[in-house]
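The chains carry the letters A, B, C, D, E and F, assigned in the order they are written, with residues numbered from 1 in each.
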């Protein structure tokens, strides 16, 4: 069971250059084979499936906790994509003005046809994420090795997307995730180390380029974010610290467990895109909806809705 | 952002007739087009993607809250599958004894080859869940209509799996989910009603067979579980009650919002399956692991691990 | 543009041994790579796409006409599957009786979960038909060669399904389609011959086993059915006879064009399966539906519907 | 069974701006999840699969009739794509001139490699249509709800493609299909209404933008085209009028059934594309083919064919 | 470039219990995500793609050599499947005898419909191998880590198939491949060790169950087969020995490079299956083929072919 | 069993215009339905699967030999793609310089995210090759017909890629493969002719455009390359000459078998792409790797590696 907070892990800046092709590239980090959907779902299923957990509790606690953080990562990547797509077509209510003309040449047409300029669980080629990406063999050593490899593959993709897109929204997100993903890489190497005695952490970094080369990562590492593993419920996942401890294999700093809180940052209110009838279209029945609105909100919201995204403080206009 | 608790929504009984083919059937409710992965991911992405939420807050709050509960549902179905698969092959460490012989005729070979007799995000034919199942058009009315339809399709599948498998574990899970899924159907019908004034709820039940015909559902409805929508964070999702209110369209009882808590039931500790080296195999280096174990648990866990699933109180042996 | 008649090409007998696994095998002829969906869609798209048709009219007319007949073939295979599935589970309205218990071991679970014991465009492994199966290169010679190969592959599959299932419904269908598919093989060999002068027809039969070995085919060939190409609109497809003429390459009989008519056989009325709420469930609101029914049919249909499939003359009960 | 006419539902204008990327966008309406292949195949299979039709005849008749019209829609969209692709590369017989150079940057390479600048059953990302898109649960209410949702989703896509492409060929097609698809939306809402008494039609339009905003639709609605349901065989589908009657839910005009005729418009003769050897290549054996041609057409067609698309009145040159 | 020999790596015994479901299970080792198609194709593409090989030559040589051996592995698994399928249906030429009746319940229908009781590149659920299984990031450390993980996953599957099927053909093949795959695991661990200094080999065995527990593996290890890396061309791949040397991480024995030769064992001549017209059908034109045969073989082969598989010494009859 | 040589069939020139979109187009010839992966795998599996080979030996020998050559073709196409991708992004070690910026608009993002600017087994739309492309019915005539068709389809694609890309690397490769693929087309037509007496070769060329029109093919045909079938092991595949003999169907020249040798051309050493950490990244631990390097190569390779691709004679710099 989970509970949810209306918060993001970081305060996501608004894009300087919203761009459908940048958004398309970022999709790899969401729905690619090595994207956040894969990390989220791998660890989630491994935690549901964990056999003999009474004996191997620390490993179970570790996997379950990392799974939990991954939800925030699919969230963060999705918001990045949504921001990169907002306002990239001509806003308005008249379809004859060909408001989506620019979208005809965009690499990923699903952003404009299947979604309302929004994220979907697909990769940078518009291929959808699939459950085939979940590995859960039941053998702990093999599953941990998989997770270690998965995180390294995910890291390679993050680096490459960073090199492809220089928009500050994308880089803030990637920079942060390089650090947090780095924690997960180390966590799985520590787990393998506990199980086998082999110093797997010494293989790092994979690929062999340091997080320090990315300013948006470095700033987080400077305040020690790479040393912290979150525990999402102190009561339920007590033993995670028996694995997560000792020195960080790359810089030798001391690792520590921290109880996760629901602190975070309010997610941006995404602009309306009236030409996509997102969220509502120009011909919603005014009288009908006014009644509804009055009941729902106790005020004349409808009029505003009818007028499109006027002065409301929304994501795009706050830039 | 989410946090997680090591709890299940119900106290899942142990199977009377563990069976690979029953487990294979139940997979439809996990990874099928209309399975819980689909409901979880549809609402999750719709919540990330919601445009103009400042104006349409109650709808956003509704979708985000239902998404949250769906996590518990993929969890519950996964545990059901895991229990139905536990102990269905010959336990032991000698591969020459052909311990998986019975699996050769099982409908879904992935349960024995790709997983350690465990759930994977696939359907009853062993086809993996795909992100194509996520619908997020950006238009609120269309997304709500989709969700209403999705939940009805999910309900049809639940009923059919119930009719296919009579094991008490499966039926306890399905019975509960028919009630909670029923809440989500009503929620989306209420949302459409608020938006349009059309009494969509009067279409129910779809398919036209009442939850009352399922004893494992009826008992939950008798204590009013079908009237409650969970709010997962009172602070963050204030307005869900402006949609979830009034009379239940099927029995007229009064709907109410309840703040979700982390109460629930301890998930079963799943038996080891040594013939699948789940979680560890017979040849793990004893000296190496003993050191590790001592450090980790401060006791001689390894000896027990070496001996397989002796007297530990595990899922299977509690039956 | 097309028009449709409520008729089947043959008078399909009722199965002697309805069987989910027989139905599963027959699916290959519907949604397999070489199934009727493939022949229907290949020729349909090739006809839409035909370039330079004013010069090559006879070829266009041929492809368009064969495409048209293929619709009747997807229809015929679908009805066969539906009949083979009817009554294979326990009929009734009580889900607790586990009416679908037998379905848990059936090879194709979609017949019971995704459909109401009904055909879907998938193959014998439950994999869905895909548009990748359509070949339309634009080069006439290559497209004709493809079609010739496709029909030979389709013939191999028909023969193998015949050898797998001995139920009279399946064999009546396969026997008929071997003959009509045989016409299409010859048609494409004739077309290649007209275009190139090579006696492609002499390659037949492929695979090298004659239709004469199948009693259910032989009876149709004895009345000359293998000599007839249907023209679906004498006005619009005048020139098909410039290709379809001369001697049949296997038995030397004279080929002839015949104008297709809407004669045919009334399709069976498929039994209700109340346990699958197909077409309606036990809890449809009686008062509501009675009003509707009265308006629709002018009589008390509802009572009967409410009672399940009593004495109505339906497919299954007519046997 | 069907019969076919060499006609299109409308007189399709020739494109002003043929464009591979416009063609790629239009593919969504052909082979997308919500494209015409989906509507055609859903209703076709639902009609084959309809259980208990003797009691529920009007619903069967409705579904079968709508299925029939959908064939004309896959046809119309395919021709639109073919016209948008014609002449978009350098015509000629010399491969060293790199005649397809411009195609290297086109979004959908299959148009140039897998087809001869022609339509294929795929979507706007070049992903092929799949039978997974067919929903046929056997439960009438659920199937009708699905169809209603499917048509609304299809409508959203049509609107978005309209907004993306301003070429008159594309817009004439979309404008017409918005009207005819609109009829199908209303038809399924009426069917649900008859079955349940709920005024489903009042949810319309979904998305909430009226057809009146599209000039190419408005002109058809002004002559009442949105009020007509076609009956494709008066004899066989008698009862469709018991559902299709009363007032149109959007403008209150009176609905009426009309017997479909084979009237329509001659489809354009698509230009040859010699660089793609479509339909034949430059090196077809002249002597061989002359003989063939003489027999087939009684004239020296070959010389012309050998010369490419000289003065023949073809699609492109008629502009 | 390669050259090929008509030889298998081992002398494959004939099955004692040919069985379609055993064959279906073995398919996982051919076309599964962790099957031999995956190892073959991963290393083949990594070798084609290797950047900077002049500097990193030993690694290139290693990957290219392992790739080469994998071809023999897809070959060996394919023959195993073919033998397990031979003679599992009723042999004969009369289709009305329902010779494939037993196949209707087999887990994998493609063996009887798409192939002539033969191997295809698919897995144990009949899902086809896909190029998505190829990982080639360009980063050497990451690619080596992937390969190490891939081989461990492959090992887990081999063990599980061994435990599922006790037929001597299957076990001889798996026993041999456990040893040779074991060489590849060690090779990649050595490569990682050379690159990073981390003793990756100490993680072995993964899963933690020794090859010694499998008699069919043990016999090969007893003669040192696990110590040998094959070099497929002494001239071209000189430097493989700079990686493959030192002690075996599991038993400390000395590793050595051996130049591969074309020695091996004649593959079995697979029985004809006349009911599947494999390789030819009963109605091949006798006169025509006799001429051909005479020319080809200089003797009256045809008569024999016409008579089916009489006394010819074939795979099946040699048992 | 195979052995491998570090050679390519031709001396591949370096590209004049490296281009991601050209590389994307060429992928169709590698991983498309009609690409070299398909020819390689079809014939390889057909050879493993060949039933009754003792009687039909010449056909077996033919298929096995053609399969062997196809390996060189996937190799040649892969190197072409790798060369077309080399140096298409900004080389360097600083990720903040957005070195992959140009890749954001490339048609195939996998070249930059999933690979290190390298070939993968996918087609021109980035869809991965699948085992579904393998046809192996067991019936010899049908399999040969398939192969003949497959090669014609492959030829059409080669021609179209040639027309799309004018870079000399791509055209040298395509020109050569048109000739060698042409040999395979003729080989399968000869095989069908031997089996049936039908002059299938007279259908050629398909599509109807001669290889003579392609200068890069003509030069090979002028030296007779189209007349030679390679035998990859004179001992093991003796009888291939009983099929491959007589006159070439297009120009009447005499066909001959030639024993393949390992002659060929050294493959280009592909440039490093440091921004993709291919093969190693900037932060590989210098001390650690220096030790390794010294042991491996006996010299100070590391320094060079640390400095990137300085003066080393690599593919790109040799141009």
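As a working rule, a contact is a pair of C-beta atoms (placed from the backbone, for glycine too) under 8 Å apart; a residue touches a chain by one contact, two chains touch by 3 or more.
In this text the structure is predicted, and so the values were computed from the model without any measurement.
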Chains in simultaneous contact with chain C and chain F: D, E
Chain E and chain B are one sequence twice: same or different residues at the contact, by the over-half rule? different
Relative to chain C, which chain's C-alpha centre is the most remote? A
B-D or A-B, whichever has more C-beta pairs in contact: A-B
Chain whose mean Cα position lies farthest from chain F: B
Pick out the pair in C-D, C-F or B-E whose interface repeats that of A-D, meaning over half of the contact pairs match by residue number. B-E
So the centre of each chain is just the mean of its C-alpha atoms; given that, what is the distance between chain D and chain F in Å? 39
Chain A and chain C have mean C-alpha positions lying a whole-number Å distance apart equal to 47
What is the distance, in whole Å, between the centres of chain E and chain F, each centre taken as the mean of its C-alpha atoms? 23
Touching two or more other chains - residue numbers and ranges from chain A: 33, 107, 114, 127, 132, 135, 137, 139, 141, 156, 196-197, 207-208, 276-277, 280-281, 284-285
All touching chain pairs, where touch follows the definition stated at the start: A-B, A-D, A-E, A-F, B-C, B-D, B-E, C-D, C-E, C-F, D-F, E-F
Within their complex, state which residues of chain B touch chain C. 19, 21-22, 24-25, 28, 32-33, 107, 124-125, 127, 156-157, 159-166, 205, 207-210, 213-215
Could you pull out which chain B residues touch chain E in their complex? 93-96, 98-101, 103-105, 107-110, 112-114, 126-127, 275-277, 280-285
Contact set on chain F toward chain C in their complex: 33, 132, 135, 137, 139, 141-142, 145-146, 148-149, 152-153, 156, 192, 196-200, 202-203, 206-208
Residues of chain D touching chain C in the complex: 1-9, 31, 37, 41, 44-45, 48-59, 64-65, 67-68, 71-72, 74-75, 78-79, 82, 114-122, 128-132, 134-141, 194-197, 232-233, 236-237, 239, 242-243, 260, 262, 264, 269-273, 276-281, 284-285, 288-289, 291-292, 295-297, 301, 304-305, 309, 312-314
